[in-house]
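Here the structure is laid out as structure tokens; the discussion comes afterwards.
Lettered A, B, C and D in written order, each chain numbered from 1.
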Amino acid sequence: MSTDHASTHVVTPWTALTPPPRVDPYVDLSEFEADGDLMVLNLGPQHPSTHGVFRIKLVLDGEVIVKAVGYPGYLHRGVEKLCEKLTFANITPILDKNDYLAPMTSEQCFNMALEKIAGVEVPRRGRWIRTLLAELQRIASHLIAIGTFAMDIGGAIGGGTNLFMWTFRERELILNAFEELTGSRFHYNTSCFGGQRHDLPAGWDLGVIKALDQIERRMVEYADFGTANPIFVNRCRGIGVLGRDLALELGLSGPLGRASGIDHDLRRDAPYHCYDELQINVPVLTAGDCEARYDIRVQEVRESIRLSRQLLAGVPEGPICSEKPNIGPTSVRVKGAPAYVAIEGPRGELGTFLIPTDKGTQPYRMKIRPPSLHAVAVVEHLLPGNNLSDAVAILGSLDPIMGEVDR
Amino acid sequence: MAVTQDDPQTDAVTPDAAPTDAAPTDAEAASFAEAQALASAVLGGVAAPTALDRDSRSYSNPLLDKVISVPGLDVAVATVERLLDWASSNSFFIFPMATSCCGIEFMAAAASRVDLDRMGAIIRPTPRQCDVMVVAGTITVKMAPRVRKLWDQMPEPKWCVAMGSCAISGDFYRDIYSVVPGVDTFIPVDVYVPGCPPNPEELMKGLKRLQVKIGMQRDGTWQRSGMPAEARPETKSLKLGGLLRIGDPDRAAGLSDAQRDASRSLGFDGAEHRGADEDHGNLFDPPESPPASQAAAAELEATHES
Amino acid sequence: MSPELEAEIAALLADPPADPPADPPADPLQVIAEGMIVPAAHHHALATLLKAHGYGLYVTVAASHWPQEKASRKEPNPPPERFEVATVLRNPTAPGAPAFWWSVHLAPAEAIDSIVDLFAGADWQEREQWDLVGVVFANHPNLKRLMLPEDWQGHPLRKDYAIDTPHAPWR
Amino acid sequence: MTVASNASNSFIMSLPSPVPEILTHPVGHGLVMGTIILTFFMLISAWSIWFERRFAGRMQSRVGPNVVGPAGLLQPIADAIKLLRKENLVPSGADKVLFWLSPPMTLFFTLATLAVIPLSEDLLVAELDIGLLWVLAFSGLLLFPTWIAGWASNNKYTLFASMRAVAQGISYEIPLLFSAIVPVVVVGSLSISDIVRYQGEHGWLLFWPLGPGALGFLIFFVASLAEANRIPFDVPEAESELVAGVTVEYSGMMYGLFPMTEYVHTLITSALASALFLGGWYGPFGWAPGVHWMVGKTLFLFFVIFWARWSLVRFRSDQLMRLCWVWLVPLSLLCVCGAALWVVYVGGVA
């Protein structure tokens, strides 16, 4: 296990960490005059900027939020219960639908849990392909995060939409590559017990490199949008500051944690796949505000592009899967002690806590650790004291995926 | 002032916006009629609000009726109707009922590669101004009353597109305790776009099919091309716990009483339902400790004492 | 995990709990390792200790339901119905960023101490587990349903809850 | 700055002689001119929606509406007919009279301003001595239907939107008025035609030395953007927060009147800005009839507004207020002082 913490951090100098005072999410409202001072506004569950079906009940004093209560669960599909009824071979396509902006990482995490319990080693080429796909998926996912955040700031009829459309355009390039590899646009079912299901087609890497070049060229514009547009900077800088301690307590990892100064990245700190063979630069910002959360995603996309190029250049030869292909639903048999496995998804630590049954064909209990649920739980701590317009900006910068929150 | 009934965000209105909660008086009814008269005078006969049973899909078109009531113009009914259909089918204002994965493909359809805007379809966030509700994604039991409410808030004529297998039948979530097995159990669906999720191009194709359908129907029923009413495309009748789909021959059009009550229980359909939303009541009270933990704590104490 | 921390955890677990549960787990693991079984009375103290030693990143909590199985020849005296609550914490700053998880076994009517006062993120996670599995977290400030509607009956992730339970009138 | 000859600025003189008799009658003149101006503004506004969607599509690497009719040109017609066909819903909790009154009020106040907007020397409905006051008064009145719509809808989002609109409108009225006073001070007349004629003799106000004209134009343009609720000042109808602003509860043509009048209002503002600061129907060269210059300048400003809309993100409401009270109001006062000093020391109305 690599313990190398020496990789470089990109810390922008313009802000220092000033932890804001902690907000009590259960604030007592009785000091306000009933029906006089406060007003309840329900944001959602169907609202243009709640990123799916999430509902926040805001108690407003004028336009200033006094209390925010989040209500997830409008997309609770009982995935964990469903998985208990399915066999291991059947579960991967279900998990694709959880984080529908990064299905690759969802299915990889589950299969890694199986492999850990069963003690199966994935061949190096299989791991390498998983690493590559995870990085490409991170690019695609962050692009949407950037675009939707800009749309939340700029409005559906306005300048923010430009960025939204452009990032979707760039994402299509990645999706085309995935479609060529797996035959599906974004529910891939390509990761399986013991490795990968689909091998890289010949000449696939050339197309991906071309797409990466294009994305990198255009990332300049998105970075500029975050720094050179004064209105955008005014809307983001110093808004929704999340201190490091609170971020740790809330379990925020990934871009949100790193924007708040937590120097932690599972790819570097606890390497899985082939990450121990790569030098990963982990950007860390200390400001913890919306702008930092935007910047960190832009920087991570650039880093992922660099890693993807490196990975594409050196794909090793060999088998992609150490197990026989899945033939029947009960072909995967995994017995052993329960395990918790986590990988670094685009939104943070994505984990699977898995207890297999005695027979070893089904999970007895499977708990998915969704980074987005931790992210949306932040609203109760971040929104009070902010303006109504800031609520939208903060929620956009958290980039939650409701399929993953509610499962 | 009467109680707030319709609100685009299903949970949005509480009595704060309205001065009082009271039943409408005669004076108000009179003022309403007056306002209608005034508005129709000012606006030159634009459709006045009518009390509709929204469950029935028969919608008389006031504008068309007005036009054909002019002597001599009644011969032009077909032309006028075709014109209206042309306008409706080329100017879709879409309400995005986007809940999950299909919502992303819906956004991709609105983005640059497919671009729904080229056929005149734009996305409006409020149901009041929308013609087409695209249900993209799984609808859960918790969400279903809201979806129904938003559908009710859309003005006629309106259409519904079920995008993706979750919205069509619930897909592999259909047996889950919290998932509604298909949106057509409580909303009449006009076009089904299959796929998990369907590609953006498929959605556009579905909207094209909706355009064809609009051209062939009037007042919610098939009129033109000699197509019989029973030819309306429906999914195979799927039975789950006696839940019939709208359009199944055994089921009357519209909601069951229980579904209607459930969708009204959100508190937007009359004074008696006002306070029924989950916790507007204790807004100004300090948070209570929940009954479950209280009971459990009491139970614990009891066991320890014994 | 450093040897000092392991020693401290061992010392903590050696203390007899203040009020021993009626039915203590049969054979608690004596090794300080991932997945060790901790008495419910030590749950909160262990979390405090780990947080003080750098395990400050709250990862997750997973409760599971284990109904009493029928007696068989293999196991003539099956264990009674119980709940298991696994709590995962991570030390993001230590080399290797190790995660540590332990398990608490509960009798059906037993409650486990909430750790919301230590980790604000435990708020929603524990609410979710209460909602879906029905494990009561004592001293939780707001133990309400999170995922399901407020008026829902039952806890779906229990083994005795049928997956296709109808919920009139919507399904 | 060359000044175009007066002959080419006359619309009536450019008509084939003899001049139609109806144009010599005051009522007939008003009717004809009103029809011309109304048609011009309505048509431009309708198709500017099509143009804007195409333009935005280009900016976003899309195509925009191109199916309905040739190049999508029939799109506004389809939209209008569709909106006419839609049912008009009134929320049961709404104040029905006010709810129905607001859209026609918006339309009326917007169209009333058209009475004094000149497209050329004599292509205007009426040349009022207080033309500028008339325009600004009716623009200010536009706040009322907005506020009424928000209040009468009985919805919290519309209430927010209307309160924001009122706060923003009242605030930005001040720099708008002060910057519009600059040409008034210099010319000594409230008549828009007088102001344009003065610029025909002395050059466009925009290009004055020492810059009160340029600064005034900038403030006027920014403030009128805010008055018309265009991005980056469209806080009252911020879709990402307030769903659709005051129009949340409006459906059918009741809703359709709002965006339509918004476009007409924006077009009027562009026309006013080009008349007050850009020399109106006088061009830098004398070779084209004046109406072409006026229309060209108006459309250019209109295009700039679109451009800004699809490039910028929006302010937060308090930032919007800060921009107004901290920057625009003092600067506009400075502008008025500068214009006054210019009149005293450099020369103005004799």
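In this text, a residue touches a chain if its C-beta (ideal position, glycine included) is under 8 Å from a C-beta of that chain, and two chains touch if they have at least 3 such contacts.
Quantities reported herein were computed from a predicted structural model and do not represent experimental measurements.
The set of chains in contact with subunit B as well as subunit C comprises A. Compared on C-beta pairs in contact, B-D and A-B come out with B-D as the pair having more. Taking the mean of C-alpha positions as each chain's centre, the chain lying farthest from the centre of subunit A is D. Put simply, the C-alpha centre of subunit B and that of subunit D have 37 angstrom between them.
Between subunit A and subunit B, the centres computed from C-alpha atoms are 32 Å apart. Chain geometry summary: the mean Cα position of subunit C and that of subunit D are 65 Å apart.
With centres defined as mean CA coordinates, subunit D is found 45 Å away from subunit A. Contact of a single residue of subunit D with at least two other chains is seen at positions 60-62, 156-157, 239, 243. In subunit B, the residues touching two or more other chains are 9, 12, 14, 16, 111-112, 125, 142, 176-179, 287. With touch defined as above, residues shared between interfaces to two or more other chains in subunit A number as follows: 26, 39, 41, 47-48, 73, 76, 78, 81-82, 156, 165-166, 169, 406.
By the definition of touch given earlier, these chain pairs are in contact: A-B, A-C, A-D, B-C, B-D. Of all residues in subunit A, those touching subunit D in their complex are 39, 41, 47-49, 63, 150-162, 165-166, 169, 229, 231-232, 234-235, 387-392.
Against subunit A, the residues of subunit C that register as touching in their complex are 34-35, 56-60, 62, 64-65, 86, 88, 90, 92-93, 95-99, 101, 118-121, 123-125, 128, 132, 141-142, 145-149, 156-157, 161, 163. Considering their complex, residues 141-142, 144-145, 175-181, 185-186, 240-241, 243, 256, 258-259, 261-262, 278-279, 287, 289-290, 292-293, 296-297, 299-300, 303-304 of subunit B touch subunit C. Residues of subunit A that touch subunit C in their complex: 1-3, 5, 25-26, 70, 72-73, 76, 78, 80-82, 84-85, 245-246, 248-253, 257, 262-264, 266, 269-270, 337-338, 340, 342, 349, 351, 353, 355, 364-365, 367, 369, 373-374, 377, 380-381, 406. By the touch rule above, subunit B contacts subunit D in their complex via residues 1-9, 12-14, 16-18, 24, 28, 31-32, 34-36, 38-39, 42-43, 46-50, 52, 59, 61-64, 83-84, 86-88, 90-91, 111-112, 115, 117-120, 122, 124-126, 128-129, 131, 153, 155-157.
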